[in-house]
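Right after this note come the structures.
Two complexes are shown next, each including subunit A; its partner changes from subunit B in the first to subunit C in the second.
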Partner chain A sequence: MSEMSRLKFYCDEGRCIECDGCSIACAEAHELPAGINRRKVITLNEGKEGLEYSLSIACMHCNDAPCEQVCPVDCFYIREDGIVLHDKETCIGCAYCLYACPFGAPQFPREGAFGAKGAMDKCTMCAGGPLETNSEKERHIYGQNRISEGRVPVCAAMCSTKALLVGDAQEVSAIYRERVLARGHGVQTSPMTWSRAYGAK
Partner chain B sequence: MKRKMIIIFLALTTAAFAADSAIYGEELITNILGYGKEGSLHLGQWFTVLQGKYFSIGFLVVALGIPAVFLIHYLIIGPKVFSHDRKKIPVFTIFHRVIHWIAGVSFLVLVPTGFIMVFGTTFGGGEFVRICKDLHALSTVLFCIAVVPMLIMWFKEMLPTMDDVKWMMILGGYLSKVKRPIPAGKFNAGQKMWFWVCTFGGILMILTGAVMFFQDFELAIIKSMGLTQIDFLRLSAIVHNILGMAVAALFFTHIYMSMFAIKGAIHSMITGDKEEEEIEILHSTYYKELKKQNKV
Partner chain C sequence: MANTWGYGAMTNSLGDIQNARSIIIFGANPAVNHPVGFAHFLKAKERNNAQIIVVDPVYTKTAAKADHFCQIRPGTDIPFMYGMLNIIFKNGWADESFINDRVYGMDLIKEEAKKWTPEKVADVTGVPADKLIQITTVYAKNSPGTLIWAMGLTQHTIGSSNTRLAPIVQLALGNMGKAGGGTNILRGHDNVQGATDMGCLSNSLPGYYGLADGSWKYFAKQWNVDYEWLKGQFQSPEWMNKNGFTLARWWAGVLDGKNGNDKIHNGKTGLKALFVMGNGITSVAQQAKIKEGLDNLELLVLADPFVNEAAVLTDKQDDVFLLPAATQFETEGSVTATNRSAQWRRKVVEPLYESKPDQEILFELSKRLGFYDQYTASMKDSSGKFTWPEDATREIARIIKTIGLTGWTPERLKKHTDNWHMFDQVSLRGYGEMKGEYYGLPWPCWTENHSGSPVLYNTNLSVKDGGMGFRNRFGLEHDGVSQLAAKGSAPKGSKVDGGYPEITRDNIEEVLKIKLTEEEKKKIGKNWKVDRSNIIAQKCMEAGIAPYGNAKARARVWTFPDEIPMHREPLHSPRQDLTKKYPAYVDKDNHFRVDTKYISKQTEQDWSKDFPINLVTGRLVNMNGAGMENRASKYLAALSPEMFCSINPDLAGQLGVRDGGMIWIHSPEGTKIKVKAKYSYSVSPDRVFLPFHFAGHFQGEDISHKYPKGTKPYAIGESANTVTNYGYDIITQIPETKGGLCRIERA
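Up next, the complex of A and B:
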């Protein structure tokens, strides 16, 4: 258990086609209220030829999670596998985590008295929360707990171009490295079986 | 038909509003790219370090250190006791007192609930701290009502004078038991310090608090200063916390002075009258003025 892997997201900007499927899959899978987007797709350098690319972003589950450092009620906890989660029943909706977050991930539904901010909501990497795993209450408050069932987070699972990767940080980086090395090589100009069926020429 | 149009219009405008978020909208990209980069204000990191480490230490010093200093003062030097048999001099009108107590009641809620939020972990978070957060916001409304009239009604008497320098040099005479006339007008330098921190600092705290409460909005003036909304929120939180320490420290001092250090001083804010001897000693310049006007 000492060499526990750390789960990470990585979005391959060479593959993301800005279809927005990940954020919609996320919102649907977790039945998020309108106005809360745990995941969203952003486009950088929009309109600049050759420089424009899109990325899917959400909570990045940081190693040194600044949200966890500033929380006045200490409602954050980092799992052994690196997933950053928080206890919504302890959260007071002060939004300090949003101020600390470099990615603007924490969001706040207006549900408290006089339109005050309610408990924070963010990406859980489909790992639920501190409640009983896969209980009705956990699903209601935090959304699906797919990790506990060995399933891939819904955003990455449905990504049609497999731009959005999730998993053990080293494995994700190995896949990405392979992609980078393969880029521009091995492009098939004729079908695989052509030479076998009709000869080299 | 008309009704339908209105509903469609409302639906469209609210949707546009949601998409136009000043935090999660287009600014998000610049915020992510700019975080921690050279040329940025580094407010994200500043806030993380300050809130993560230093604010709670500062508030702990205020919450424990200041009462401890006063306890030592009370035990070693002791309170000032003035004769209650001499004339009573009216100093605070009914208007003064009403405004003072509106602010006073709001502070009695604001300060403890603020501390509960700072030490939220100690109080277990959750429903209790959440209610305190709501009370903190709600009692701000009371303070809003009081702060402007208070600023106006005492403005002139709170302007600094030469007496204040002399008062500061001897710390208002609170370090000795001897009853010597202390250089001060109607208000001494300590009260003035409290007044300015409470009014201007208080207004700044209302504004920074409101920024954090409403969170997602756009102000042209902020934008024109080159400050993004998220940096504005970070700056507000930093300012609110630092001012909070100053206000809380002076609030505890105010309570100690009125309730313990000067016996019976709090009655002047209830009846409006101060003891003649108290004015003669603690506000000697004011006493001389009253004498000139034959009011004593």
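Up next, the complex of A and C:
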């Protein structure tokens, strides 16, 4: 597989201002039920001078995705472009994937009197699911399929400061490199979250 | 602002902030209130290594992105800025030639600044002396620096002094009239600049034409209505030229001085009806008084796409009408951005259900009140027809000369919006087909082919390319000193090398060194502000002359109670020792028709004894203004489903308040609210922060059942403005929501 076609997320902690434009856009676009947060913005050390940082987090669509490796019913599949998707109709809601995920991405609707978990839900990078592309059923179960229409995932499209980027790994890397060079300080060699999600390279 | 150099508007643009080498932000939180615009700040930091400095009582999201932050005590911006000036002058960092050529009255500022040593500033503001020195050094040494502010600077009894001293800092450093500099006031809502320009003010006509017979006559003529008829609409002619009530204090007009309320001066009657269009009432200070005002109205009309909180706050049972107003997507027309650029908005859908766009509502109202013909007279052609909104836009372009809207024809504005991709986002300069114009034709746009003016008061450009000096608005001389700019400080390509007065029919030939033809002499208006022929502007462009003159900015405003900005403690100050040294103004009678208390309120009692905690209000990123539509969106509401109070864990711990526990906040007004405590280090232990977007609870009582069926928003809670304190600016009457006091008790 050529690296050219690998899609990755990157959130720039120097730019993220916790406006939640990404998470709201995601919820609106996919009409998520209350309590399901495919994407969320995490703020660390809120209010502490010089220590407060915010980062938008969702499924990072990892290399060798740990969720896929632990799934007992094998409902995950990884597309050629690196997008990690799963079949909700196969998923049994066991939440093994949640324990495996380093980013806390999998979401579970709570159903019934005892709060039984339903099928897992997570960020699809706006690429739908295993059903017929752009079918009514796909939209209903997995949300919009913007990738099939050549559109950027809605979170990054909405990002007010362009902190959240998504796209071809090399393009994203180039933008990251440009910003790091422009800032002219620090020796961080890869974006936060990348070493965990995508490995050392 | 307007009293310093002519116009009260953002001088540069959001994109231009990318040109700054340092950015100082007073009482503004663009990361929350202008998240998209804030990208320009971040790019300035990234690409230009711009130093971001935040001066704010709260460690905001903007502060989290800053290089330097200082937590100032609310209401002490003037000592802080004088402290900066003290250091600037002492070290010789001021731009003396700029001051000499283009500023009047700076010597008085220098004298006052001498008194504000860093140590003294530290005592008053709570900002350590070394921090002040560091910030001033960074700001003065990284030029150009841009100065940003918003409501944190304006919403004080001394707001109008704050907004004069900030420009003075910029003048002292020579940061005016250049890319990357300027005073950039961030407007808080879509089209606030446009609404202000169009006269949504009770002390001026559209375009800031003053309330005077001459202006009324000019407008009567332009509106094609009889001046006598216009005059007859008033109770008696003298009311034509008096300031009206303001948004902050209309309720005083209803209460009419009864039950100990402030006395009013309103033609022997109180206000009886209130018509609200697009203003969420929960965002206005003193909700308990507002409720009393609403309850005592004879008629209340609320025109909004969502249910205005006023309908829920009031106990009034009859004669309350909710009119479903259409949204911006259901109508068309021009709006004005914070940087004075226009944008044409097209209709996306027809108005839903029975909702109507605002202009339809007003047309219908004018028909019922019997003045529809006069109302629309100047838009109509010979057959009595007009096209909305194009003919309204043409009317604006025809009449409003003061801020140079002549060039804003609907055709040009549409072309800009349709070709927005052909403009540079930093300089606003157009290319390709749009070459020679700036995006949205930022006003002043003097003629129908003028480029627009992206940076106000920039003398490095010729007038026809958007250059200009400061406006000659305050006479030719004061105390024997000429108010015109010095030699050598005219805009590029000017026929006059130096200052010159505003252009009139009588002086045009002399100043521009031209001869008018007899034909032109016949057509030309009395001065540039009322010259419908636009000959003055045309001739000025040819001569490289700004029609409004080329004068000095003034640091001294001799018509204000404080000729130079002076520190005065808030009416409710936690520092009682300082209220004696820096007392409030004397009480002001008939201030926008209401007697307004200053010193008598400040000295009524030692407020800090019973109310020891400073109270600051502000916004959340997911809410806009009153939050009327945002609270009704389930996803936005989910981010802040209930009202809260940010409280430092140290303070909370002393009061026995747990994170997430309920508290009562009491105000000196005798009002209280019950809200959830949210532990936060963003506030110091001597102050708390409240977001002001909530409604539906009032003084501990849930009143949300009063929402009409199916209209109750997802997020409800107490209005912060139930506990904001009494206090209004001495000039503008904006309420003091950023510098009050409160007491906190565990609920």
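Note that the second predicted complex is superposed on the first by the 175 of 201 C-alpha atoms of A that agree within 3 Å, B and C clash if a C-alpha of one lies under 4 Å from a C-alpha of the other, contacts with A are read in each partner's own complex, and residues count from 1 in each chain.
Just so we're on the same page, a residue touches a chain if its C-beta (ideal position, glycine included) is under 8 Å from a C-beta of that chain, and two chains touch if they have at least 3 such contacts.
Remember, predicted model here, so these are calculated numbers, not experimental data.
Aligning the shared subunit A places subunit B and subunit C next to each other free of steric conflict.
Once the two complexes are overlaid on the shared chain, A:R196 sits clear of subunit B and of subunit C alike.
Look at A:P66: by the touch rule set out above, it reaches subunit B but stays clear of subunit C. In the superposition on chain A, A:A182 makes contact with subunit C only, while subunit B stays out of contact range. Superposition on chain A leaves subunit B and subunit C with their closest Cα atoms 6 Å from each other. Once both structures are placed on chain A, subunit A residues 34 are touched by subunit B and, in the other complex, by subunit C.
Across the interface of their complex, subunit B is touched by residues 34-35, 37, 40, 42-44, 57, 66, 69-70, 72-75, 87, 89-96, 98-104, 107-108, 112-114, 116-117 of subunit A.
Residue ranges on subunit B touching subunit A, taken from their complex, read 18, 23-24, 28-29, 31-33, 35-36, 44, 47-48, 51-52, 56, 117-121, 124-126, 129-130, 133-134, 137-138, 212-213, 215, 230, 233-234, 237. Within the complex formed with subunit C, the subunit A residues making contact are 14-15, 17-21, 24, 27-28, 34, 46-49, 52-54, 160-162, 179, 182-184.
Remark: subunit C residues 31-32, 35-36, 38-39, 42, 45-47, 49, 59, 61-65, 69, 621-622, 634-636, 638-639, 646, 680-683 touch subunit A in the complex.
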